[in-house]
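Each chain carries a letter (A, B, C and D) given by its place in the written order, and its residues are counted from 1.
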Amino acid sequence: MPITILQPSLAPPPKLRNVDSDSDSEGGADLEGDVAMGRPAKRARTQDSSIMTPGEIITDDPQWMRGHGTYIIPGASSNTILSSVAGTLAKTNKLLSVRPLRARYTPEIGDLVVGRIVEVQAKRWRVDVGGTLLAQLPLSAINLPGGIQRRRTETDELQIRTFFSEGELLVAEVQQLYNDGAAVLHTRSLKYGKLRNGVFMSVTGTGGGGGVVRARRQAFTLDISGTDEVSGSEKIDVLLGVNGYIWISKHIEGEGAAAETSGPGITRIEESVGLNVYSSQNDIIPVDTMREIARVRGVITALVENGLRVDEEMVIKGYAEAVEMAKEERDSADTLWLGGERGKRLANALVGR
Amino acid sequence: MSSTSQHLLLSPAELAYLHGSLSLITPGPIRPDGRSPTQFRPLTAETGILPGTNGSARICFADGTEAVVGVKAEVEKTPLSPYEFVASTEGRKDHTQKKSGSRKSKKATGDEEDISMDVDEEAAGANDKIRGSPDWVELSVEIPGLRDDDSGTVFLTSMLTEALLADGEFVKKLWINRRFHWKLYLDIILISPPLSYPLPLLSLTTHLALLATRLPRLKSEADEDPMFDDDWAAATFLYPRQDTSAKASNKSSKPSSAAAAPASRPPITLLVMAVGDNIIFDPSKEELAVADSAVAVSVAEGPASESESEPEPESIPATTTKRNLQLLSVRTIDPPSRLTPPGVPNSVNAAAWGTMTAATPTTTTAATASATEGGAAKHPDARVTETEDVVGVWKAPRGGAKFGMLGAMVAKVLEREAASPRSQGAG
Amino acid sequence: MAQTIAIPGQLLGPSSKYVAGPGTHIHEANLYSSVLGTVTIAQPEKKIAPGPAKRLTKIAGLPSSSAQLPTISVSRTGITEKREVLPEVGNVVLCRVTRIQPRQATVAILVVGDTVLEAEWQGVIRPQDVRATEKDKVKIYESFRPGDIVRAQVISLGDQASYYLATASNDLGVIMATSEAGNVMYPVSWKEYRDPETGINENRKVAKPF
Amino acid sequence: MADRRRINGPVGATTPPIFDKPAGPVATKTSDAIRKIFLKTGITPSASGSAYLELENPNPQRPGNTSLKLSCTVHGPRSLPRSAPFSPHIILTTHVKYAPFATRQRRGYLRDSSERDLGVHLETALRGAIIADRWPKSGVDIIVTVVEGDQDRDSPESQKDDEGWDMMNVLSGCITVASAAIADAGIDCVDTVAGGVAALVCEDDKTAPTIVMDPIVAEHGSILAACCVAYLPTRDEITNMWFKGRLPGADMMVYDKLMEKSLVACRCANRVIVQELNETVKKGQGIS
């Protein structure tokens, strides 16, 4: 099939967050039901199209608190909560927030992010994390080579580019936020550092139903020995940056963000024998692992294209499904491709449609 | 700046991985999105979306890149050259082309094929010859974020124009009579920011728009001032549709007209790249970033015409394929891979420490030891030293492509018959 | 030794026999010339001291397996007056101070090693790199003035625009200075120059005269 | 006093001018040869490197006939402007500009699209040849001026529709001259890249189309297809290729033959570069 041309179709309706329910909404009142939201136009909409638009009144009931994506007109009717973005309504207990349909990443302290160095300055790096502003990584916030905990020296400053240079990818944690929302990162843990042995993909800009969601675990290891084609027990690390940047790579024992570390990483630096934190040289990667990495990437693309959320559970389920699909159609050549119709099939199988 | 100037930052490790997976021989290349080497990205297409144009099309890729093409035609007076009749040698040369061309235009008016053939025979003796001028087509490309005179845009424009004009057949379709011609404006607009090298997308959209382009039916005859039918429904396609032409070819008795009958198709430009020994179609942006070489190949499906075509060089056997694909133009594209940052092998990397992995069999223990000292072996900022290639370390490719590889890429395009998208989009 | 001419792309020998020096490149296990010039083969023992050949020292420090091999290089020395060398870490350069600020002195690099440069490359001397001792007390305006000629060493490729230079050594520093009155001065101490006409001393980071 | 009210005839007898129609184009070289190339490096003292290229005028006695004359200057390597981001490579910029008087139609001082197009082709051809990572944080500008385009200006009737075939000849000259100038400037290259053109030409209806190297556009009936290649002879690699035209039946064999012929043309041009560079070195050694 040289070129596939699809029929133009309408965009899939955005899935409601409260249906997908990643926010723990127990205890929250049903928005459509018992609580009178007091919309001026008496809810002429059905549930599956309830997209808030900027300026739309969400409620004037004083029991609600306003969250992200909402605002209150200061003055008389200060109970009225209005939406400030176009998106779906989400509620956590009494907190009302609107999740934008498309959004850039807003950093929060503690987020695990994947970033790309865009600029090297004298004592810090500027890192693209998919937000509105570039994040910064100070030289003082990385583990310096030498095997022991030490102060940074002038020599480190002069050779700053050997640690990270333009274009390089790293995994880091948001340590601090400035008033303007710019993030300061750190990599002072064995879990963090330069990324290699894999592929990058970005699902930024997807809000609403799709995209990476903040979860308990952003990084996990995927066992690919389940596929009978794979010899040995290779594993794949999947790193879902909260910012929508994703890194899928060959798993190396004792390395990477998915490695289980007990206790703070800073004190364990001395034990880090066999660590290539600032290496840009890839290891030898078996062909089977490469293929499975591409499959995982395809699964995530299919999830995003079909408006599903990207987290550990969905990726693992989706991957198992994709392996099944590939097994079913063993004879056809392009079992890796998960775009278009195949992606829809995968997504439908996942949500049980 | 380079023609593929949208600078894409990729880390050396990413590049090394991509290059490694794309140059695999045994199972073939593993593309990051899982496509097969010759597979195109699926696209959504519709034609006739702009009522104010003579023809239009829109194409969307799944990643959100989207292009719109509008074709508008205007009647223009042809400046008569005083030397037209003097150049006798040229007249002879164009004699054959004139026949096919005029027949096409006559057929375009919707006349019965037999009659037009007769008219054509008469006209052939005394009448003028149909010749087009490259000036009759004006093509403009608009890429958001790039200036109009950016060399990348200019390169795209000239590549797409070249494909249309290369064989000189297209402009002949615009001939009305000796005094007038159509002037065709093709406006190609990329709506989204270019997420990948936009050439295949723009070319496909132009292809569809031209297929859907219709010109008003000519009512006047010969060299009169042209008069056109007001009825848009009667307007004729610039590229006659398959069914009508098939009917005409059945009716016609002459073998030559049967050859001229199959609907020709507008040219299409495909992007092909090579990594190692693998040839990959429709590369995405990151794939292009590790390309050893990249080629844009324009092909068109012309009317098969053994009797009318130029005599072929004696050395070449006159092979006639069923689908008469014509190679119109080939251009190498500057692969952005040459501007990628190189990786540093662990053996000389001052910042990497610890035991070397299996990937560096050549690394001696001495190097490891000195690297552990914290950059004693080599100052990290010193120039990239000339070293042999190390597995797993990215190095921007130098030099060009082998002759055989370029030829193979072009051959593969022709072989794939890739130039046959069928429009399913409803008007 | 007869001077062999090499033009870009000329085969010089297998990479197993030689180490690639400046002006050469490796392609498919063979060494080729990459510039127009004359071929030099240097045995590993002797170091080539001056000029752009500085690069050799870097390669000599590479893994021991290759260190025994002779280094082959193609140099443009003697072919043309015009040749361009990039300042490299470790090179001693001559530069002119163009601008002084409290945090740094901006210089234009004029000479790298023995090579007079065609183009001007920008360098920066930061206060902490002016002296080897008492770094905290260094004041840029007490060390350099615009127009001074400074001998310095390249310590880093620096940021996108400038090379980082240092004068933290006895033989590095200002080698030529003019006074505020416009006269050429002579050094009188490790930190002072004197105007021969007015007799006024001015502060500089003075390079030790040879 | 002269009669100023009317136009007076000439005083003496005159012969009316007879505009002789010049003979049709004559082939001045065989199809297996390229025109002689004059190449010289180091002609612009202010530039880091420079070269001048001239093609032999096939028949200099004909008044309107011109050959190709190109001048190339290389400026750099030099430092990048302060605003530019860090680059681990040399930033290559190419400009191809026709002198206003280089072609039949006067060219403006602003670069038009065909000149920009040529610039992109040239950039692609050179970028494969230079070793960019030898010069981090630096830039080089390569400027080719077309002093005289490869066009026949003889008589209007021999002016065909400008199909741009001469652009291929200009490009191949640009590649060759820029290659020599880069070597002169001392920028690291993997090889001396050279340009060459081959075309499938058709003299008239009766003869079969033939493939010629280095086609002189005016001397042939019509050009069906042409191919311009930038070639690294030592590595046997192609850095830029530009083919256009119509090939009967998309025949790969014709295409391959065309390519092979242009490679032969490249090798011929490369020999000129090699010879000239050798002489440059010898001259330099003589001075010092």
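Operating definition for what follows: contacts are C-beta pairs under 8 Å (C-beta built on N, C-alpha and C of every residue); 3 or more make two chains touch, one makes a residue touch a chain.
Small disclaimer: the values here were computed from a predicted structure and weren't measured.
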**Asked** For which chain is the distance between its Cα centroid and the global protein Cα centroid smallest?
**Response** B
**Prompt:** Across the interfaces A-D and A-B, which one involves more C-beta pairs in contact?
**Reply:** A-B
**Prompt:** So how far apart, in whole Å, are chain A and chain D when each is placed at the average of its C-alpha atoms?
**Reply:** 53
**Complete:** Averaging C-alpha coordinates per chain, one finds the centres of chain A and chain B separated by a number of Å equal to 37
**Request:** Express in whole angstrom the distance between the two chain centres, defined as the mean CA positions of chain B and chain D.
**Result:** 25
**Prompt:** Taking each chain's centre as its mean C-alpha position, how far apart are chain A and chain C in Å?
**Reply:** 48
**Request:** Going through chain B residue by residue, note those that touch at least 2 other chains and give them in order.
**Result:** 341, 379, 381, 383, 398-399
**Prompt:** Counting only residues that touch at least 2 other chains, which ones in chain D make the list?
**Reply:** 85-86, 88, 131, 134, 136, 190-191, 232, 235
**Message:** Which positions in chain C are in touch with at least two other chains?
**Reply:** 25, 27, 86, 156-157, 159
**Request:** State the interface residues of chain B toward chain A in the complex, per the touch definition above.
**Result:** 9-14, 16-18, 20-21, 24, 26-27, 30-36, 38-46, 60, 62, 204, 281, 340-341, 343-346, 349-355, 357-360, 372, 374-375, 379-381, 390-394, 416-418, 420-426
**List of chain D residues in touch with chain B within their complex** = 24, 88-89, 111, 113-114, 116-117, 119-121, 123-124, 127-129, 131-134, 136, 156-164, 190-191, 200, 202, 204-205, 207-211, 221-222, 224, 227, 230-232, 235-257, 259-260, 263
**Request:** Could you please specify the touching residues of chain D with respect to chain A in the complex?
**Result:** 85-86, 88
**Prompt:** What residues on chain B touch chain D, complex-wise?
**Reply:** 2-3, 83, 86-87, 89-90, 92-93, 95-96, 131, 133-134, 149, 151-152, 154-155, 157-158, 162, 166-169, 295, 299, 309-316, 318-321, 324-334, 338-339, 341-342, 383-384, 396, 398-403, 406-407, 410-411, 414
**Residues of chain A touching chain C in the complex** = 120-122, 154, 158-159, 161
